[in-house]
């Protein structure tokens, strides 16, 4: 039964992906992609990776979908209804088909050739977890064993935001992005009032249990970002100006705290990003809380895009 | 029991898949957005069932999140929908 | 290989391979940039699924999967999203400036949108 | 007691699954968008409700039960608003044309 | 579990903390720039540059003092669970090169921004400083990383820093160039990531040092390496995947072009080198080396010809970059010395490294000089620049000196590099590679002399500059060009620094 379920799931995922590849209309492809993202969340629970399932559902199914839908609406508005689907060149399609077939076959071969028993770091990860005081090994990997990756990835997100802001026309730089639609429909306003309390509750819960159970800063941050975007879309609260000092301090605060605790490790724990054992859990939870705010803001602003209102004054 | 619950999850997924493809092949753009709603509910039901089958309490968290984001995506889509080319405001932010 | 010998981790690994192939095809073959971005996301999903299969195979010590590749996927998802966001911002700006939504040279008979 | 609870779960989950089937059939057979939408959101939500109800006896902890109920509440909220949004968009589209 | 995990493969060395500083200091500057007011950006950047340069010198000094590689185990978590950083001789040389070029470009950019005080604290200038520092951190992370996934994050960091640099001035054609660049870079990173996943699946570790001792991994390893190298080639813009590079590098502001062409492009090349030398099994490495050499040789020939045909100065320099990168790939078959001699003791290894460093210095100098020219005359069409040497003698000199290195004419670092590669090609019996090196030199001579000729021409109407260019700007380019020439005076024999920490790899393998 389990295998049957997995087979159905896999078939479904592949068919949805093919639908994205074949459909003529961009919006259709994006809708299918959102469905694909939600389904991926299900697939990840089947793979025993609840942490990933939460992340994938929140980012893949939620925020990426909004990002792409907004872009599509923007392009469609500007294109003024010349909807003739473009065709790629024949030769290019053949090359692409060949290349992707080779990659997929090679990959499939490699997947089938994986050694058995599979190499794993599950035991060492579990053996070392006491030193961190955590209960969720994924969180331990993210914030202790491979904290450097996580730290650099935070910088990647900030850099992406910087890159997006750099695309602002010069006269609007430092202003606020505009997300509010011309006349948000009534049910949207209702949703924007009722959904965020749920979302915030779930996010807080995720950070809270993240140390010991699936969940954590990424998942919570992306949920918060989604809720914030909903509020901004409905026009209940305007997007902040990108030059705002408070906003920038909050954005930088999480990674800065991470760096600060990392450097503190030099003094008290014998190395960069090492945590003193009795304080490890407290420090990690503190970092997670600060990072959650920074991630939520950064993801939300990444979707909001460059500012399109001149700064006030 | 677990076998039955997994089976029910499979059944719901299969049924939802049928509906999904009907909706995705639809001519009407509005109708396609029902896909997300449909899938959100179906996947949440399947997840709840699987969570009960596997006694892994965190699976329900995924269902919770999926429901939350299905609603969110639906809202996002309807916004793009309301902007028919005619009544769109002039794009802001270009150089004057 | 009989169906019975196929375990669910391998199944998802093969699914990842297929998704990666489909995503790659969209990225290379489709002229529209927005669709290419969707393709990138599917390619990414396929890659992460290969990681997921690897993690699932490494289930041991009472864990449902090897936490190390799982953590890598989480990092990867966030990076991939940032990349999509940057690409979308670039695409919107390019479109605002030129009316193009593709990097191919505009087809004959299609005039670029007049600047306001 | 446990057997009774299991039987309850069995019946409720089966009922829920059938409602999902009914929703899909409605989606496939009904002629226009609005009735399809109606069939979908009503049947699926009821189905989810039955499943949640059926699973409640199987949950070990209060928190687990609360989470299940929360899933259902969220589904109600999102289904209601989403159908309204879609119906609204449909309406605007029709009146616009 | 493999017994390797129990015996620590990486032993932290006392100077290891310097590696952490090299990686984090520039990024801390980025955070500070984000948090502070725009007018503080340049102060923060200049301060970070001073600190970063000091760290780079300290790393080099420490390496030469101890004669051994520097290692740091982050957080005390031993690989394979944790991440290690390691600087051997080659990494240290590249870190020093990066510091030098970044600081020179930073000084140049400061001068350039001073020319337009009204936009000095504006969008482009402020963002430039943050991106410059981020690029620096990313490059150091690539040169220091020992963990394949950590290297993926570093590569993405580099992408996200480099792409916005291309379109800083906001013109439509630079947007298209940046988008094309982003597409190639993303595809490259994803293919690389795919390979990382397969390697983890096959070995359960991503630490390069552990991997180098694990031997054959079957089809998974071959597929993984093929995917990773293909992805990195797209990022390194080797022919035929070079199409994105010329518009991107030519469209960026001068200082950004210098960093992109001199440094950013070297990161994927360095990673390919590490994969082929340290991870690939010997037969696969030999095969990959042959293939890469063919692509490298085609790159040299095709893109040198393209460079000759360009009408715009910056585009010409950008095509020259693709051609010069080609030389780095013909090193692979040449570095397989006689029996029992590891690659890093061959003259091709030294030659390749010299080519990498001298190209970085020379190309940065050229782009900066071209930036001065474009700023002075408002365009960079070579045909309309007749006699620019009279108006801007220092820039013309910088261009010429840097050209020496690209052509491989003595005295210059490029000469030594190409001489070593040529010797290696002849000794190892690769006549066609030798011929390619010679032809590439001749073609480079063609495009460099075309510009020098223009510079020295005496047109009927002498060119006048739009604005006066401060001497300091021109001096930066000249200093880099002189540094490229001075590289030609270092002793010729396989250069000790580059072997530091390499030999340890072979002995780290447990039987």
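Just so it is clear, A, B, C, D and E label the chains in written order, and each chain counts residues from 1 on its own.
By definition in this document, a residue touches a chain if its C-beta (ideal position, glycine included) is under 8 Å from a C-beta of that chain, and two chains touch if they have at least 3 such contacts.
On a predicted model such as this, the values are computed, not experimentally measured, just so you know.
If you take subunit C and subunit E together, the chains in touch with both are A. When chain pairs are compared by their number of contacting C-beta pairs, A-C comes first.
Using the mean of the Cα atoms as each chain's centre, the chain most removed from subunit E is D. Separating the centre of subunit B from that of subunit C, both taken as means of CA atoms, is a distance of 19 Å.
Distance between chain centres (mean CA atoms), subunit A to subunit D: 28 Å.
Separation between the centroids of subunit A and subunit C, computed from CA atoms only, is 13 Å. In whole angstrom, the spacing between the mean C-alpha positions of subunit D and subunit E is 57. Subunit B has residues 33, 40, 56, 61, 64, 68, 70-71, 75, 78, 82, 87, 91, 93-94 in contact with two or more other chains.
Multi-chain contact residues of subunit A, defined as those touching 2 or more other chains: 2, 46, 70, 72, 74, 78, 80, 103, 107, 111, 114, 118-121, 123, 125, 145-146, 149, 153, 156, 159-160, 163, 167-169, 185, 188, 191, 195, 198, 306.
Across the assembly, subunit E contributes residues 81, 149, 153, 156, 160, 163-164, 167, 170, 175, 194, 198, 201, 204 that each touch 2 or more other chains. Across the complex, subunit A meets subunit D through its residues 185-188, 190-191, 194-195, 198.
The residues of subunit D lying in touch with subunit A in their complex are 70, 74, 77-78, 81-82, 84-85, 88-89. Residues 103, 106-107, 109-111, 113-115, 118-121, 123-125, 128, 144-149, 152-153, 155-156, 158-160, 162-163, 165-170, 173, 243, 248-249, 251-252, 255-256, 259, 262, 265-266, 269-275 of subunit A are the ones that touch subunit E when the two sit in their complex. Across the interface of their complex, subunit D is touched by residues 1, 4-5, 8, 11-12, 15-16, 18-19, 22-23, 28, 30-31, 33-34, 37-38, 40-42, 44-45, 48-49, 52, 55, 57, 60-61, 63-64, 67-68, 70-71, 74-75, 78, 81-82, 84, 86-87 of subunit B.
Subunit C contributes residues 1, 3, 6, 8-26, 28-32, 34-35, 37-39, 41-42, 45, 48-50, 52-68, 70-75, 77-79, 81-86, 88-93, 95-96, 99, 101-102, 104, 107, 110, 113 to its touches with subunit A in the complex.
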